[in-house]
Amino acid sequence: MSVEKILKRAAREIQDGQTINLGIGLPTMLVEYLPLDHDVMIHSENGVLGTGRKANEKEANPYLIDAGGSYVTTRPGAAFFDSAVSFAMIRRSKLDMSVMGAFEVDQEGNLANWKIPGKFSPGIGGAMELAQKTGTILILCTHTDKYGKSKILKKCTLPLTAEKCVSRIITDMAVMDVTPEGLVLREVAEGLTPEEVIKATDAELIPADTIGSF
Amino acid sequence: MNKQATLEEAIAQIRDGASIMVGGFGSPGTPFCLIEELIRQGQTGLTLIKNDANEQSIGISRLIENGQVKKLISTHIGLNKKVVGMMNDGSLEVAFFPQGILAEKIRTTGAGSFGFLTDIGLHSEITDPKDVIVWQGREVKIEPALYADVALIHAHTADHFGNLTYQATAMNFCPLMAMAADTVIAETSNVVTPGAIQPEAVHTPSAFVTSVVAVDTDRPEYGLMEGRYER
Amino acid sequence: MNKQATLEEAIAQIRDGASIMVGGFGSPGTPFCLIEELIRQGQTGLTLIKNDANEQSIGISRLIENGQVKKLISTHIGLNKKVVGMMNDGSLEVAFFPQGILAEKIRTTGAGSFGFLTDIGLHSEITDPKDVIVWQGREVKIEPALYADVALIHAHTADHFGNLTYQATAMNFCPLMAMAADTVIAETSNVVTPGAIQPEAVHTPSAFVTSVVAVDTDRPEYGLMEGRYER
Amino acid sequence: MSVEKILKRAAREIQDGQTINLGIGLPTMLVEYLPLDHDVMIHSENGVLGTGRKANEKEANPYLIDAGGSYVTTRPGAAFFDSAVSFAMIRRSKLDMSVMGAFEVDQEGNLANWKIPGKFSPGIGGAMELAQKTGTILILCTHTDKYGKSKILKKCTLPLTAEKCVSRIITDMAVMDVTPEGLVLREVAEGLTPEEVIKATDAELIPADTIGSF
């Protein structure tokens, strides 16, 4: 339910003609929500520009997966390349937007999504380069963890993926923008008041002049 | 110039204690047959360099589970609980690099260079301050080139000389590893005569390849994995 | 995502004083039509980066002879007496690098890195001692990445998105320059719809390309040069 | 005449199965002298592995030249690649032999073939990387310059292409090997005595136990 809410709202962020990378998990699912009239190039860091939706059993090619390991289709105009070229594209900032998950994001736009010391450290993957070098970083995550603790913090506590990289955060409760003035609350989920969102958030939220709903 | 070799003689080039780059991002590009022969021959004390650890009970995970591997250099092993467990209990030494940095470290050896200057993770815990220099007024990190004795890769097609092509996302680290390692062993189920691959279509030129091994890709690892496609 | 542009509007992206990488090793890969339009539009104070200076009266030699070029960064201009003369009389500033070092400096920018460590020419006159460091017990030279505002390249085929393929030795520096420059303009006589190029056959992925210009390759520069083949 | 002598002798240096680079000028002409039963891969630094003999007008492809600018054919099993890969192959020492010309070579194996200060400096090209990184460097040149001055010196005077890189030198007068002991005279051209060669040479030549002729 909340997942679908996040994805529907996130799909509106993608512009026609953009080149985007969708991180493993929630962001990958965004493919199914993209507006049909939008022509988008999806980059997968294992060496594809132009993946499409997931493949069904008939279409699936055992040699064609996305970075999350799912069999995918490709669109006309797709290209395959090696991992050095794939990350050249990332580090040379040729992607317009990366959509990523988060363990923690803070009001300065710092992002932590790769390691929980002592608990979870399966490796860095492509996250650090994507976060540091993509022009726009869109974060999708639940507003709070399973204990109800805010993931949107004053200051990240976990090892950072990249410093001051996040542009916008979309959660099941709110849409927030990282600005020079601080973290601005733009929209709240239907049924919630700005006060409820602010109360559930560790970061200092600056209410926008007009707060929309989604 | 004919580099065709049997599975046995190709893998027999590998010594105990060797450092081995293994192609593949997940399954695509992983040389499962070469790995099986390495398990059969039983070389030990190996250092493996691969994007990931494959999944439990397949690919390099079998080498690791079999105790032949001392150290793994990788980017992400999140899909393999068994290997994560071995890392956590200390029975396997693991080093991680950001994915594109690992790729570039490998290519740097392949290009005959010794390192490159980057700002990825400069101020993060992955950077040892001793690798940071101030150069042209900017802080940069020196990433050393990463070398290996052997590369094991899976190609879609190979000719007798060792010209290779890759299919779809099975390319990934393979062309880079072919450039970097001293001994490069490529498996393929399509061995063709020289000239059958158009010169413009070659992904890895023959000069980088030591041995071409014809293999059967009937093993289930080369097929579709359940649950990874839509119904 | 459709990057097709007219010759005029593509070249109009170039400003006076721009740094421009130009593809081609000799004639193959040289974007003669893009160069002609640059002569017609007349941008000046340019820095050109190309393997060679083409031959007298063709390609970038025409830009240089026309006084539009302030500096040339190259590897070898021995086939062009006119440009050698301009270098010797001081009317053109020229910097030389070893050929593979020039290629690697360009690719290094393309890979988002800042430089690389090499031992090529370490103890020769091409090395400024201030670029030499001792690192891991070894003397190495830091080669800075080479950047340009614009790349002008010739492709065999391009689709509307900017996926490119090259033919034979017309590949040379083109894929590297496409990665390195901010604005990448590719000319081709074969514009095709997306999907017409197999994903495995793409040499330069579309993300690196800004503009695709359809050109006629009827100009004599694209044809055979007399005296360069056997009778 | 002397050119043909050099080339005929040089062709005997090429082993079946080798990967070689032939420098502009004299070395390129070696293609026509290779034994027909030898299977050789010729590397051209502009991005080919597997060039063949020069193309005739009918075969010539305007997009397919060698590093000297001649239209060439390719052999089955040839590959094209970009300039970064081409020099990766060189710097990673994947070539067995490079055959090069010389302005000067000295008895320590130092090579000068790219620059004559004040007179000739058209650029470095690929020479420095080839000379420094190829396992075996074979030098082909006339024994003396047009003024009769020896090109085979005690010590090079021109800017070096690479230090201590040369293995063997073949001139119109002699075949010489760079060894830890010094420059060894292996063969002299028919009609010449070792003494005549030694007299025409600035470098100290160490006569081999048996000196052949060619």
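Some points to look at:
For clarity, chains are labelled A, B, C and D in written order, and residue numbers in each chain start from 1.
As a convention for this text, a residue touches a chain if its C-beta (ideal position, glycine included) is under 8 Å from a C-beta of that chain, and two chains touch if they have at least 3 such contacts.
Predicted model only: the values in this text are computed from it and were never measured.
Looking at which of C-D and A-C shares more C-beta pairs in contact, the answer is the pair C-D. Rounded to a whole number, the gap between the C-alpha centres of subunit A and subunit D is 57 angstrom. Distance between chain centres (mean CA atoms), subunit C to subunit D: 29 Å. Taking each chain's centre as the mean of its C-alpha atoms, subunit B lies 36 Å from subunit D. Of all residues in subunit C, those that touch two or more other chains are 104, 111-113, 118-119, 166-168, 171, 199-200, 203. Annotation for subunit A: residues touching 2 or more other chains are 48, 80-81, 84, 87-88, 90-91, 133. Viewed as a contact network, the protein chains fit none of the simple shapes, being neither a path, a ring, a star nor fully connected. Checking each pair of chains for touch leaves A-B, A-C, B-C, B-D, C-D.
Contact residues of subunit A toward subunit C in the complex are 17, 19, 39, 41, 43, 48-50, 74-81, 84-85, 87-95, 133. Of all residues in subunit B, only 104, 108, 111-119, 133, 135-136, 138, 140, 142, 144-145, 165-168, 171, 199-201, 203 touch subunit C in the complex they form.
Across the complex, subunit D meets subunit C through its residues 44-48, 53-57, 59-65, 67, 69-71, 80-84, 86-88, 90-91, 121-129, 132-133, 159-163. Every residue of subunit C that touches subunit D in the complex is listed here, in rising order: 25-29, 51-52, 74-79, 84, 96-104, 106-107, 118-121, 123-126, 156, 166-176, 203, 222-225, 228-231. For subunit B in complex with subunit D, the residues that touch the partner chain are 1, 109-113, 159-161, 163, 179-180, 193-195, 197, 199-200, 202, 205-208.
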